[in-house]
Structures are given as C-alpha cells and as structure tokens.
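Next come two complexes, and both contain chain A; in the first it sits with chain B, in the second with chain C.
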Partner chain A sequence: MMPMPVLEEKRRAALARALGQTLQKRAQAVAEMPEWEAMRQRAHDIRAGAMDRLFEHLDAFERAAAANGIRVHHAATAEDACQCVIQIARRLGVTRAVKSKSMVTEEIHLNHAMEAAGIRPIETDLGEFIAQLKGDPPFHLTAPVVHLTRDEVGKVLAVKLGVPFTNDPAKLTMIAREVLRREFLDARLGISGANFLVAETGSIVLVTNEGNGRMVTTLPNPQGPRVNVAITGIEKVVPTLRDAAHLLRMLARSSAGARLTAYTTFIQGPRARSSGEEPSGPDEVHVVLVDNGRRGMLRDARLREALFCIRCGACSNICPVYHRAGGHAYQSVYNGPIGAVWSAALWDTEQAAALPFASSLCGACADVCPVKIDIHHAMLWQRNLATLRGRVPAWQRWAWRLWRMGMERAALYRAGSRLARVLLPQVVLNRLARPWTSKRDLPPLAAKTFHELWKEEA
Partner chain B sequence: MTGLRNRAMMATSSSAALGVWMMAAALTGAGRSTTLNAVRIGLFIPCLVDQFMPRAGLGVARLLKKLGHTVEYPAEQTCCGQPAFNSGIHSEAVVLAKRFVRVFDGFEAVVSPSGSCVAMVRNFYGDLLGARPALADRVFEFSEFLVEKLHLTDVGARFDGRVTYHDSCHLLRELRVESQPRQLLRAVKGLELVELNDGPTCCGFGGTFSIKFPDVSAAMAEDKVAAIERTGAQWVVAGDAGCLMQIGGMLSRRGSPVKTMHLAELLGGNA
Partner chain C sequence: MSELRRQFEERLGQLGVPVVLPAELEAMLTGKVFVSEHAVCKPWAARATCADPREADVTVTGCDALVAETGSVALLSAPVETRLSTLMAPLNVVVGGERQLVADMELVFEQFAGRLRPGAAAACLTFVTGPSRTTDIEKTLIFGVHGPKKLVFVFAEDGG
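This part shows the complex of A and B:
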C-alpha cells in the first residue's frame, strides 16, 4: 500500500483555511438556490444523457463544428494527442505556445512532449504559471497552487524571474501580468482545454477566472497565421446550449461560489470574413478529442458516472483525506476523491490502483458533487477491481479467506473471542495492532462479549 | 441452534413468507402510520459491538423488550461481511452476506446498534449478491427504528451530563439518519445536548483505512477530538462502534477527560 503522509502542521492549517473559504462561498451560493437539489438532479440527468449516447453526440458535435470551420481530431492515446498538437505547431513554425489551464493537458503530459519537441509551452493561468515556474504538478483541480503561501509564491517569482522579492498579492499579480502580456501579444499558437463541447452548435465552451482563456483563444499577433487548439476529453460533450448553460451555473457555484465564472467564452470557429466587420480571432481552430481510457470507463456501468465530472473541485475542497494529505500525496495529476477514481480508471499502475483505498468512504464528496456522482461508491467498486486484477497481495487474500472461514462458523468465532481474552493481554494486542496504536490507544476488549452477557441476562 | 435454523427455514416457506412480506410492507411502506405492537425482532450485534461495547447491544435488547417486543438474538450470527466488502474482497464478503440473510430472514424486523452494518445490508447487499434481498428493507439501525418505526422519542432514560453527538458517516450519508439520534438524546432527562459543529466531518475510522493510512486517519481523529473538546462536553456519543473506538482511542492517547459512549448504551443500558 502506498504511504500517504500528512502535510506539516502549518501547511495543513493554511490549506484548511483556503479550502474552507471556498466551501463557505459555495455554501452561500447553494443556499441562494432553494431548488439546488433539483438543479443537481438535472445536471446529473444531462450528463447521464450525454454519456448514454456519447458517440452520437460526438458525431453531431463534429458535424456542427466542421460546418463552423473547426477542425476536429481524434486521439486514442495521450501520445496521439501530444503528437497532434506538436504537428500543428510544426506546420505553423512556432517555438512557443500560450496555454490556458487544462487538466487534460496535464493528464497527457503535453508540456513535457512539447518541450521535448522544442516548443515552449507558457502557462498563463496565474496558478499554473507559478506551478510551471516551480516545476510542480497541480495540487488541486481548479487551484494548482492553493497550498503555497504568499511568501512562497514571492520566492518562486523572485528566483525564477529575477524580480525583487515581494509577498504582496497585487504586486505579484502585476509581475506575472507583465510577463504574460508580452507572451500573449507574441503568441501565434494558443492551447486551451474545454469545459464543454456543445453538440447542437459545435461550440467550444471555456471558462476562466482571469480572462486568460480569452487571450489564449483570440491571439492578437498580426504577424502571420494564428491557431487555436482546444484539447479535451471525449466526455465533455453535452447535447444542447441549454444543457451547457445549466452546467455552467452548477460549475460556477460549486467551484468558486460564484453565480457565473468571470469569463465564459463560447468559441464558434475561426475568424469569419463574411460579416463585413473587421475580422477577428484566430485563422484556424482545432479540437483534439482525447480518449486515453475513457471508453473503458464508459463501458463499466459502475465507473461511467465518474465521466459526468465537470471538474469543479468541490469534492477535494470537502474531502477530509485531501485536507490532511494534500494533492501531491496522490502522486497523480488527478487528485482528491474524483481524482482517485479517475487515476485508477485511466492508469493500470500499482500506485493508481491504491488510490481508491485512500478514503474513509465518508461520502462527503458525493454530497457536494454538483452532478451527483457517487464518488465513494465508485471507489468501493474499484477496490474490488483491484482484487480481480491481482493487485491485492496473495497473503492478504488468504488472510481474508481465513477470516471468512472463521466467521462462517459461529462456534469458531466464539471460541476465538474467548481465547483472545485469555491469550492476548492488552500489551500483546497493542503490539499486534501497531499501525493503530502508533497513533491512538486501542480500547480494551470487553471482559465479556455481548453473546456471553445475553446468556447471563436470559 | 438447530431450532433456530429450522425456524428461519420455516419462515421462508411460502405461507410464512407471505406473512413476513406483509409485515415488511407495514414496516417500510405505509408503516409510518401503523403502530407496531409486539414485533418479533432479531437483534443484529456487529462484531465490534460484540467485542468492544457489548453494553450497547444490551441497551437495544432491554429497551425493545421493555417496549413489549419479542427480542431474539440468533446465536449463529457473526459478521455481515462489511470488512471484506470494503476491502474489495467481494468473493469472501458474499459468503457472509448469504449467511447473514439465512440467519435473519425469519424475522419481521432486524435491529442493530450500528449505522455502518445496517448500511452494508440495506445499501450494498443488492450489489454484492446480484439481487437485493427482501430482508434489506427489514433491517434497521436502532435509533432509526425507535423514531421512524415505533414513533418514539422519549424512551424514559436518564443521564446526567453534557453530551455531544458525533454523526457517523454511514448513519448520516448512507442511511440519512441525522435527526433521530438527536431527538432521542434531547428527550433524555438530565442530559444537555451540545452540537459538534464540525461539518459534520468523518472521524477518520473507515475500517481498514485506519490501519492502511494511519497518519491521515489519526490526523482526522485529532481534529475530531479538538472539535469535541471545544464543545465542553463530558461525553461524546455515536451510533457506530468504529467511530467510538477511533475517537475514544485518540481521546485516551491525549489524556482527555472526555469519555465515549454508544448511543444505545446511553438510551437503554439501564432500562
């Protein structure tokens, strides 16, 4: 079993404060909507409907998008997706690209692939920008550096950019803005994710809090052709604009406690010359639809719900395990409760398979999820999958078998509990239960079991 | 023991099954308005209660008897299979689940001082066994049974002290039992109930989670204990033995004067 250490006390407290504030805002935003439960159900139904006929919706999206002049690419694997982007960059002849925040690009390790191909990706979301400078994977689905203090951010910027140290958030933002503004004005390749794809209109929907998504997808550089690539998972499609609108409300309230995210962009296609106005926007718009294991999730009735996720991060914000261990302890780009489910579903590694066990199954995640994913029950199922796939060591399976054989025979169970009381004094029990007793005391066995007391009462 | 098995088998024979089914319908469906008199109740005492807090089991038994019900404790019972199920070992859990259904199928109602084990039967047996057994609708957690089925909040108990109630996750989120324990506690003479106001957040027990991830689990217990201490309560009460072992173990490690008690022991221990 993977070790999962607890964050040091100060960081843990700071993280709890930050996540707590976000949750508080969410709670207020939810309290504003007396029909919240019905809204969740509707969001769930929209996502369920989208997944039930996923490939029909994808086809519809592709047709509508193509009619708008958007080019759609299919990537079966992470590798395919990275190559697709690299080829676009090569054809364009650029050595740099600006990026807005996208978990799918983290999933496929696009930045590494681009760097290896000699193309420098520049993260423009403030959090991602800092994470990239620091060389850290994201700590949280929506807030990549939520664990860093102002001082730490100041140090990263001072060291990596050679600017004077400051820990003033406004000044830090201005420093980043200055760097990023130059990049925006220069860039000819903009890479984004997509929060939703709308099948009926072929639109790409993108939300950001800082407006960088809009910068990345409009690209004002007049020198030469400009290209926009949206990389996203196949599960992001929704049937209609109405559906997207509902999910946007759920996303904003759940992730940040806002009524709507500050910047919501609907990308309809490349610049159009027909309107008579000054044409604007990029010359080409591409969408890369990434599978990378999602079809497998779709086929498993008990994992399919995980595909409903709209990446709001609320489940991490409330998760007691995430609060103590932090995002990096999951050792996966997807962390927190839904991250554990996704990681174990996408990657067949020992470490990923261990993640669904790193939960007390308290179910707080499922209760805040805006699309009503039974997150903890998916984990329960994945624990069984781990057994079926031989990820549970043989000695453990044998131990369970012996345990079951004992429990099948009441007489054996009773004899065992009598014997334990005679042969196992508390000191021995304490030693046997060391992982438990290292941190807390083990309550003593009752002198008599219920079974014995019951017989006495009768 | 043989007698019991025979009785259980007879109960599943067609005519008896009809009676059981009708009783179940009364208990679960329109049962809300039905006053239940003299129900034959099977006591389901989970392993942790049997081993560590048997007085909680006695509390349930005494109280239900005092209310005029027939209470039986099938001595063949052992474990519902939850530990194996939660560890992903369905092949072993399924054997114990089938066994559990065999042992308890003859009862009109099965009552247990554990949210966790009732949730196992009610919410997960269907998935585990491939079809949800009818018994799943006749298994109740103790406080839920008193309030929802017997329409009782004042059980006539007395307890002097300041008490806080910890919501076990399985009671709260699997069974949606939240107000019932509080109603019962509020009616206890001499008892002052103070709210924990910490979420409600998990105590970090989580069965084998507490052993596989001891650091995270203990960190959760520490925060829970801190929240308990902030209330100024002398006692912390819960409806699941696992939580009480986790919380009690941390209280004792920290030398805290706060004590733990199972809800069923508090309500019925001296009945």
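This part shows the complex of A and C:
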C-alpha cells in the first residue's frame, strides 16, 4: 500500500476542534427531531428507490428538463465530461468561468482540463477559492480548508492577491467578496454541481450557504449571452420534489446542524420564458450527467448503497481515522469513510484499493449517516475485493503468508519470535515502517517473549 | 398571531433576521435603494434611487411564499426581478404577507405545482433562509460572503 502521510500534532488538535464543533451543532439539530431515526429510514428508502430504477428516473428527468429548455448531456467518462464543458466554453468564446463548489468537478479534474484548454476556472466558494490560490486539493467534503489556521489563510491571500496581511476572518472574507464579485459581474460561463436532480420536474437542485451557487447559476453580468452548466453524477436523481424536500432537511441538519441551507435553488431552465421576459438568469442551461464508474457500483449489491450518499461530510467529522490522518492523507478527491468507499469503487488502483483498509471498522460512520449507508461493511467487502483482485502488494501477501505459517506451528512461532529479537532491533523496525516512523519511533520488541516470561513465572 | 407566524418569526430570530414594522424600515433605506416591482413593495416605490440591483446598497423585494418550518422566503423567477434583488446588495429587505405563510417546503411545491410543471416551469425557485454566510475560516461564522450581509423581513400591512 502507499504510505499515508499523517497530520502534525498541532494541526490535529485544531482539526479535532473544528470537526467537534460541527458535530455538536449537528447533534443539536438532530435532538430537535424526535423522529430522526424514522427520517433517516425514509431518506434511505428514497435513495434506495431512486437507485433501484435509476435509469427510468434519469429518462424522466431528461424528458422534463428538455421540456423546460435544459440541454442534457451524457458523459461516460471523466474525459467526456471535461470535453463537454470545454466545447460549451469554446462555442461561447470565453476564456474564464466562475465555479461553485462541486465534488464531481474535482473527481473529473475539470480545472486541470480547462486550464489545458486555455480556459481559467475560478473557484468561488470561499474555502475552494483559498484552496485554489494555495494550490491544495480540498481537505473535506464540505469544508475545503478546515485544516488551515486563520494565519495561514491570511498569508495565502497576502501572497497570492497582494493585499496587506490580516488574520481577521471577517476582513479576509470581505477581501474575497470584493475579488469574486468582480469575477461574477464579468463572467458569462457559470459551472456548478447539483445536490439533487428531480425526475418529475426536471429540476436541478443546488444548495449554498455563501450564495456563490446562486451567483454562478444566475450570472449577474449585464452583457450576454450567459450560460450555466451543472455537472453531476447520475446517482443524484430523486423521483419527486417531496423526496428532494426530505433529503434537503437531512443534508442541512447532518452537514451543518442547520434547518435548511441559506440558499436552496431549484433551477428549471433558462430565463426569458413564454410567460414574459425575465430580467436576470442564464440564456442557456446545460446539465452534464457523469457516469465515470457509477454503473459498476450500481451492479455490485454490496457497493450500491454508497451511491445513496448526499455528501454531508458527517462521516468524516466523526471518523477516528479522519481525525488523526486528515483529508489529504487519503490522497484522493473523495476522502473520509464514504470517500474511501467511493475511491476504491471508482478507481481500480493499488492506492485507492488501500483506502478501505485505513479504517478501524468501528461503524461510527454508518451510525451518523443520514441516509443509513452501511459504510464500514462496504469497506470490509472492498478489502475482500482487493485481495481477490490482487490489489494487495506482494510484500504484504508474503508477510501474511509468513504470519500464517508461524501461527499454525508452535515451534516455528517460538523460533521466529526469538530470531526476530536478534534480527529486528528498533533501528531496523523503524526503517521498515517508514515513513510512518519519520515523526515517531516504533516501540522496541520486549527483551523476552511472552512464552519465556510465562515459563520463568511458573 | 397565528401559530405559523409565531414559528416563522421565531425561526427568523434564530437566523439573525429582524422582523421590522413598515414604519421602521424608513430609516434603513439609505444609499442607493432598489425597489422591486412586486405589488407589496408599492409603499416604498417612491424611495427607489437606483434601477439596477447590481449597484444597490439596499434592495426591497417581495416574495411568493413564507415557510414556517425553516424561516425561509420562497421566490419564483418572474418578469419582476427576484434573483438579483435578493442576492447582490449588502442589505436585503423582503416584504411578505401573513397570507403567504405555509408550514413546510412541500406545501410550496403543492401551491405552485402549475409553475413547476415541465414545459411551463418558472426558470428558478429559490428558498432564502437567512443572510449569506460562511464558516470556512476556522469555523468562524461570517455574514455577507457573496450575498446580503443582512436580511430584514417586513410583514405587509394589508396581509399581502
């Protein structure tokens, strides 16, 4: 497996504080709902129903969206999705685009593809904006720079924007507001994700606390034409508006402890409808439905539940491994418990296959999940898959084989543990366990084995 | 006061949204003031000094429904400006009527089913729940990151 770089001690304490605060707000929002368990079950059933007949719901969504003038595109792969966006940008003749937060665009590496095509993507969610300036991938599903201190954010803005240093979160936010407001007024292409797609009405549902999602989908530029592209996974579809309303409640409470996100928008088409000219809004609305491995997840009965995820981030907030290792340690766009499952399901690499092993299988993630995904059992299944598919590195297979031999033969075990004391002094152990031991020592082997001590006592 | 109105006002209070009387609004209309063409905004039409919500310091706008469960204001896009007037200015005043109150989001969908029907849908339906906010820097709550820093609600005197 690839070694996971761990988080420094001081950063770990700050992260634990931030995640703990979010969890506490969530607990309050949940306590307000005595029927929370029934609400979780209903959310689970809605998502299960949506996935059972996914392609029917997608067809219905497409028909309804098309009737409202939304153009629907299908992307089988990440590359198809990126090309689709780039073609829209080229046809529009723009060299920059404003973006609201979207994990799917991270998944398909859209920013990289756009830059390569000469189109500058500007992240407008405050956390993503800071991460983009710093050149970091997002650290958390809903809080991209939760690992940075205010001083570090201040330094990033001072260096990258040439503004005087401040570490005051209010001042830093106003600096970002000013810079990004200019971008909003200038942009003609807005790229967003989607939290849900509603099959019965063809609605693209987008939630945003900051309002950047509304800016990107409204495009306040007085000069047209303005185009909004929503990029999202095929699994985001739900059958009805009522279903969406229920899931929006679960999402707001579970992610931030709020009753509803500040702005919840149902986008149903371009402006200038038959009922009369609308003064604002995009002239075209596109939606790109990304597969990129999701059909494979749908086919595996033990992984399809992962598709229920509404990206609230609560499983990361509660996970003991995430608390200690942090989001970047996963070295994947999707991190935390559900991110480990998604990564291993979407990408058939040794690196991704290693992530489900980075779990204590304590099940806190499954307990907190608002749509009741059995996350840790999915990870257990993926460990099986990794072994069956030979995604476990050779040295590990040999190590386990050796361990098994010892465990099956008492004499061999005794000889082995005595031999290890000679061959593996602490300095050698430390070397074997690099880079984990770059910041700490492995405990040395005890001078005598348990069996030796037992004999002496007797 | 109806139970719905009591709950709605309580939620607004928790979101940091003051409910002011029409008379109290006068003092807030300073700088460049944009007033939308909603009928409920008529009393303030004469106070408008700005025709473009992008440049306004204060926007006054109507709405289509009020949701008691969450303290949300719902707006359907229309020939009247609803998107920019609730998004661009540092201070946004929403005028609504008690008759617009419903218990939850589902009832808004029922009420406006005709304007959500494929082929005849309004381009956009937005639920505004409190001012624009972020907790991205050290979980510190900051208002007005992109949209209004402050949201104020007024009950129209004639009940909307």
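In this section, the second predicted complex is superposed on the first by the 387 of 458 C-alpha atoms of A that agree within 3 Å, B and C clash if a C-alpha of one lies under 4 Å from a C-alpha of the other, contacts with A are read in each partner's own complex, and residues count from 1 in each chain.
One rule holds for everything that comes next: a residue touches a chain if its C-beta (ideal position, glycine included) is under 8 Å from a C-beta of that chain, and two chains touch if they have at least 3 such contacts.
Everything numeric here is computed off the predicted structure, so don't read it as measured data.
Shared-chain residue A:280: touches chain C; no touch with chain B. When the two complexes are overlaid on their common chain A, residue A:153 makes contact with chain C while staying clear of chain B. By the document's definition of touching, of the two partners only chain C reaches A:261; chain B does not. Of the two partner chains, neither chain B nor chain C is touched by A:398. By the touch criterion defined above, A:438 reaches chain B but does not reach chain C.
When the shared chain is aligned, no partner comes close enough to touch A:55: not chain B, not chain C. If you count the residues of chain A touched by chain B and by chain C, you find the higher number for C.
Touching chain A in their complex are the following residues of chain C: 11, 52, 54, 69-72, 77-81, 83-84, 87-88, 104-106, 109, 116-140, 142, 144-148. Within the complex, the chain A residues that touch chain B are 1, 4-6, 12, 320-321, 324-325, 357-364, 366-367, 380, 382-387, 392, 396-397, 400-401, 403-404, 407-408, 410, 413, 417, 433, 435-436, 438-446, 448-454, 457. Residues 14, 17-18, 21-22, 63-65, 67-68, 124-127, 130, 143-146, 148-150, 153, 169-170, 172-174, 176-177, 180-181, 184-185, 201-203, 209-212, 214-215, 217-218, 220, 222, 241-242, 245, 248, 256, 258-271, 273-281 of chain A touch chain C in their complex. On the side of chain B, the complex with chain A involves touching residues 1, 45, 49-55, 57-58, 61, 73, 75-79, 81, 83-93, 95-96, 99, 124, 169, 173-174, 199, 201-202, 204-207, 209-221, 244-246, 248-250, 252-253.
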